[in-house]
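The structure is given below, and queries will be raised subsequently.
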Amino acid sequence: MSAGTVTSTRRGLDAAQRRAIRARKLRRVSVYGLAILISLWILLPIWLIGTMAFSTRADVRSYPKHVAPVPFSTETMEFFLDTEGILTATQNSIVVAVFTLTLSTAIAAPTGYAISRYLFAGRDAFRLGILAVRAFPIVILAVPLAEQFRDWNMFDKVYSLALMHTALTLPTTILVIASVFASVPVELEEAAKVFGCGPVAAFRRVVLPLALPGIAAAAIFTFVMSWNEVFAAILLTLDNRTLPARILYTLDKSGDPFKFAGGFFMLVPSLIFIFFVRRYLFNMWGQITK
Amino acid sequence: MAEIRIENAVKTFGKVTAVDNVSLTVHDQEFVVLLGPSGCGKTTLLRAVAGLGLVDSGRVMIGNRDVTYLPPKDRGISMVFQSYAIFPHMKVFDNIAFGLKMQRMPKPQMIARVQQAAELLHIENFLDRYPSQMSGGQRQRVAVARAIAVQAEVLLMDEPLSNLDALLRLEMRAELKRLLAELKVTTIYVTHDQIEALSMGDRIAVMRDGKILQCDSPSTVYDTPTDRFVGGFIGTPPMNFLQGQVRRENGAARVFIGDFGLIPVPEMLDTLLTRDGEVVVVGIRAENMEALNQPAEDALQVRVLVVEPLGSQNLLTIQIGSDIIKVSTHPDFRVAPDKDIWIRFPSDKIRWIDRDSGKTLLPAVQIAASG
Amino acid sequence: MNLKKVNWAPYLLILPSFLYLMLFFGWPMIRSMELAFRRDSQILPLRTEPFPDSATVGKLERGAEVTILDVIKSEESSTGGLLSKKSFWLKISGIDVEGNEIEGWAERGPVFVRDASRSEEGRVVDSSVTVYAEPDETGASVGELPQGTEVTITDWDELEGGVVAGGLLAKPAQWFKITAETADGDTLEGWVKRGPVFVEDTRISTTGRVDKGEGAKEWTLDYIKRMVNDRRFTESLRTTVLLMVLILPVQFTLAIIMALVLQSRLKGNTIFLYIFSIPLGVSDLAAGLVWFSIFTQRGFLNSFLERLGLIDKPYIFISNENKQYIILAIVLAEVWRATSIVMVIVVSGLQAIPGELIEAGQLFGANLWQRLRHIILPLLMPSLQVALILRTILAFQVFAVVVAISGGEVVTVLANETYRWYEVGTYNNPNVAAAYAGFIMLISLGVAVFYLRAVRTQEERATQK
């Protein structure tokens, strides 16, 4: 083969080839464009409310608005955090969310393990039941539960709300943890048993270390769900509001600085937590759709 | 006319070079098998021809048309996928008709084509079924029928039989061979199964590490591998390799395994003489050695380690120096482990291989000619 | 005999979550039905003797006017003789449900006794009774009256909902305003609860009214009627459905596009993946506030339009007259927030489609749209159905976004009405709230069943063809 043919590879492209190359490039560029456009669509509103949260209160009220926090100020944020009840509400939210993730994970882990490892009569029915419960409209539960909690003298208690949130998150947590356990090969557990571990030791030494990151991701997701939940929170609490319930309850009496700072404040944990669990999102939801 | 010409194709994935400056010409209506272990780049090369993955440099010609950058549909090709890629939500008919529908072929003509393709694959009674209602072998037939229904001049096959069980594979192999001979299409067939390659291909291109090591007819590839790897990859058992030292004796070259001197064919003498004193690798196939129960002048005394009766032959495992070799004998040949036998090395069956490069040494005349 | 050993381990492992879900889903469901459909009985049986198990002479409807002829206090011991229950029985005459004049005994509880003149005499029957300045148990008390004190009733009040007391709702109660003479000879005026004071008039026969039935609760559609007749019911239902119809198509289209973009494995894919997933963690309230900051009068949208010179003074998007803009803002906020979840489900579905299938489509001549139409979408159907059911059911629960953007007054949705009916500050009626909640569940269930049926018939048609 002579050198001439090699150079002609580039030079001697016919029209069809050039068109194909152009079409390919165009598609590549438009997919990039689309990806960037969608990213902007998601990020821009967050940027805007962040801008408001870190401007002075005067700037928040000013019009027209600027699109960057210049001058940068924590005044609005401080005003929001200093508002009566916000810190307590934040504290309540954290307590509820931590309580929820602990209880939810503790109850869901054995169930998730059972679903992923055992074939037992009623397994499919149970799975289906969990799926159904997951899709269940939560609002219907808040009203009767609030009434029930009144009867049992558990109304307006932080732990009661956590019990409710556990019920809400439990189906999702079970399915996610089941998928996490399913991703640990049974053979590893069997190998551990062959080499002298009992069932508990095999679980603790082999399965658990491998499943732990996934379970942690599930727990974080549970935390976020509880942190975000507002409908049950506002029905089940009165004096012990969680943060979303507290913000929502006085929304009609609140000014823009309060609303914007509040909105941003609620966003922040989600941004951080989703970053940590992003690798597991598809495993989690992939399992759920099956 | 659909000759496929791959020129200097290079394809890298990150730091890995999957196809390393490969050139290959597949003649019109020829059946070429790309054979090699997994990860050798054979599938990548096939996909470059299909247009499912573009080469980084080099070019792909089909029927004198440069298709390097064309999308698959403009290349005039058809393909059978490893997992069959039968659309599970379409009936067999729609699967076979898919390519024709995309060409907007008129319906009567399309039905005739599908019928014809289905009959060739003996699945004309299953056209109304969904793939999930069919066995693996039947799905395989659907995949082939779909590929031939479009009547492209080039057919690409990516390990089409690898998902079938052994018996079905044997049956399908012969049937595919008959079918392709009938259809007279230019075919590139990727496989890692050397038996498939030997039995089906007009030529076999053996690949390793992104390079084609040898591309010849099955018998040539089998008998005279150009490379130690090719000899070791093809054949069951693979070619045996022994260390031997070249020594000049009476003015001619001899290769010594221990004290036993092998006599090269005359054409090789000059080549080997240039390597006086060096160690070369002696390659010989198990069935090409002759085993004897008594000593003979031209036979090497060896000890048998293992005897494996395989029905049509007995396979002996033998240690010579530090090398283990396999010798196949007639099933009537009586031998037991730990017994000594004598084996004869026919000169014309011995291949001489450079120890470092792994390349087969060629007669001096041939070197001059090809240089 | 074939005794197969049952492995109990998995059952033990799922037991905690099974019990928990039963307790927190099963039980509230029953409770919800009870709240929505059950109320205290409406029919009061009159008996021949002042005993609960004596024969009935007839039944009085709720609200029937009756005349009270006599009153006795009975001490009844239960069969075991361990408990004794004090009760007051009234001899009553009135018109029964069939229109006959009947006479018989009924327990005091269900009958509200009052005089047309609203001035009666009564007597304290409990050991002592507290008199309050206002008809409110948490309020200041003005004194105590011992058993047997004669009182004059000057006014009465029926508090239907009761009042909030430390977060607890008092049960509906009736209060009497009384004047009485204390042991010291002072005159005491104030409010007492009806229970401890028995009203009797020695001069004339007392009239009364049947307030509620007795014994078990009974089924009622009153709360449902009240919900349906509520002026916001139709509006909230219409808005909820409208939002759903507007949001879902946009959401699914966008989600599929996002999933396909991620699936095309661009450089920087992990960054795009993170950005696309961010809304998964954003609460509906926060999303509502974010979009409120854009659509509010002094918000970003107005600022932007003014910079572009399209308007010269801020346009009021969120107002009574501009419902369409409020709806638009809610739609955008919901699409912004909840598309990611659909995307994640679609991506999982896409990952389950073997790459060779799509390549086969490409090889046999299908362009991008044809591949989407003939291969990807059909194979994605199961995932899309799951996402559709999930999103539809969630769409019926849309709440905080609406409240955050519109305040929940101009534009309202079903979940917001549930909240308003329950909320102490507004209606404080758990029964109607439960009716709303039940309604949401019912239509969610209906939609889910509808989808699943539609899928099945589609599949049947496909396999039968």
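Should a chain be cited, it is by its letter among A, B and C, assigned in written order, with residues numbered from 1 in that chain.
Here is the rule we use: a residue touches a chain if its C-beta (ideal position, glycine included) is under 8 Å from a C-beta of that chain, and two chains touch if they have at least 3 such contacts.
Computed from a predicted structure; not experimentally measured.
Student: By the document's touch definition, which label belongs to this structure's chain graph: line, ring, star, complete, or other?
Tutor: complete
Student: Average the C-alpha coordinates of each chain, average all protein C-alpha coordinates together, and give the chain whose average is closest to the overall one.
Tutor: The chain sitting closest to the overall C-alpha centre is A.
Student: Does A-C or B-C have the larger number of C-beta pairs in contact?
Tutor: Higher C-beta contact count between the two pairs: A-C.
Student: Could you grab the centroid distance between chain A and chain B? Build each centroid from C-alpha atoms only and quote it in angstrom.
Tutor: 52
Student: Can you work out the whole-Å distance between the CA centroids of chain A and chain C?
Tutor: The mean C-alpha positions of chain A and chain C differ by 27 Å.
Student: Just how far, in Å, is the C-alpha centre of chain C from the one of chain B?
Tutor: Here chain B and chain C have centroids separated by 73 Å.
Student: Would you give the residues of chain B that are in contact with at least 2 other chains, written as numbers and ranges?
Tutor: Counting only residues that touch two or more other chains, chain B contributes 71.
Student: For chain A, what residues touch not just one other chain but two or more?
Tutor: Chain A, residues with two or more chain partners: not present.
Student: Which residues of chain B touch chain C in the complex?
Tutor: Answer in residue numbers: 50-52, 71-73, 77-79, 81-83, 85, 87-89, 98-99, 102-103, 130, 146, 150.
Student: Report the residues of chain A in contact with chain B in the complex, numbered from low to high.
Tutor: Counting only chain A, the residues touching chain B are 1, 5-6, 9, 12-14, 16-17, 20-21, 23-24.
Student: Which positions of chain B touch chain A when the two form their complex?
Tutor: The contact residues of chain B facing chain A are 7-8, 23, 57-59, 66-71, 74.
Student: Okay, in this complex, where on chain C does chain A touch?
Tutor: For chain C paired with chain A, touching residues are 7, 9-14, 16-18, 20-21, 23-25, 27-29, 31-32, 34-35, 167-169, 254, 257-258, 261, 264, 266, 270, 272-286, 288-294, 296, 298-300, 302-303, 306-307, 314, 336, 341, 344-345, 347-349, 351-352, 368, 382-383, 386-387, 389-390, 393, 396-397, 399-400, 403-404, 407, 415, 418-419, 422, 424, 430, 433-434, 436-438, 440-441, 444, 448.
Student: Inside the complex, what are the residues of chain C that reach chain B?
Tutor: 354, 356-357, 359-367, 370, 374-375, 378-379, 381, 463
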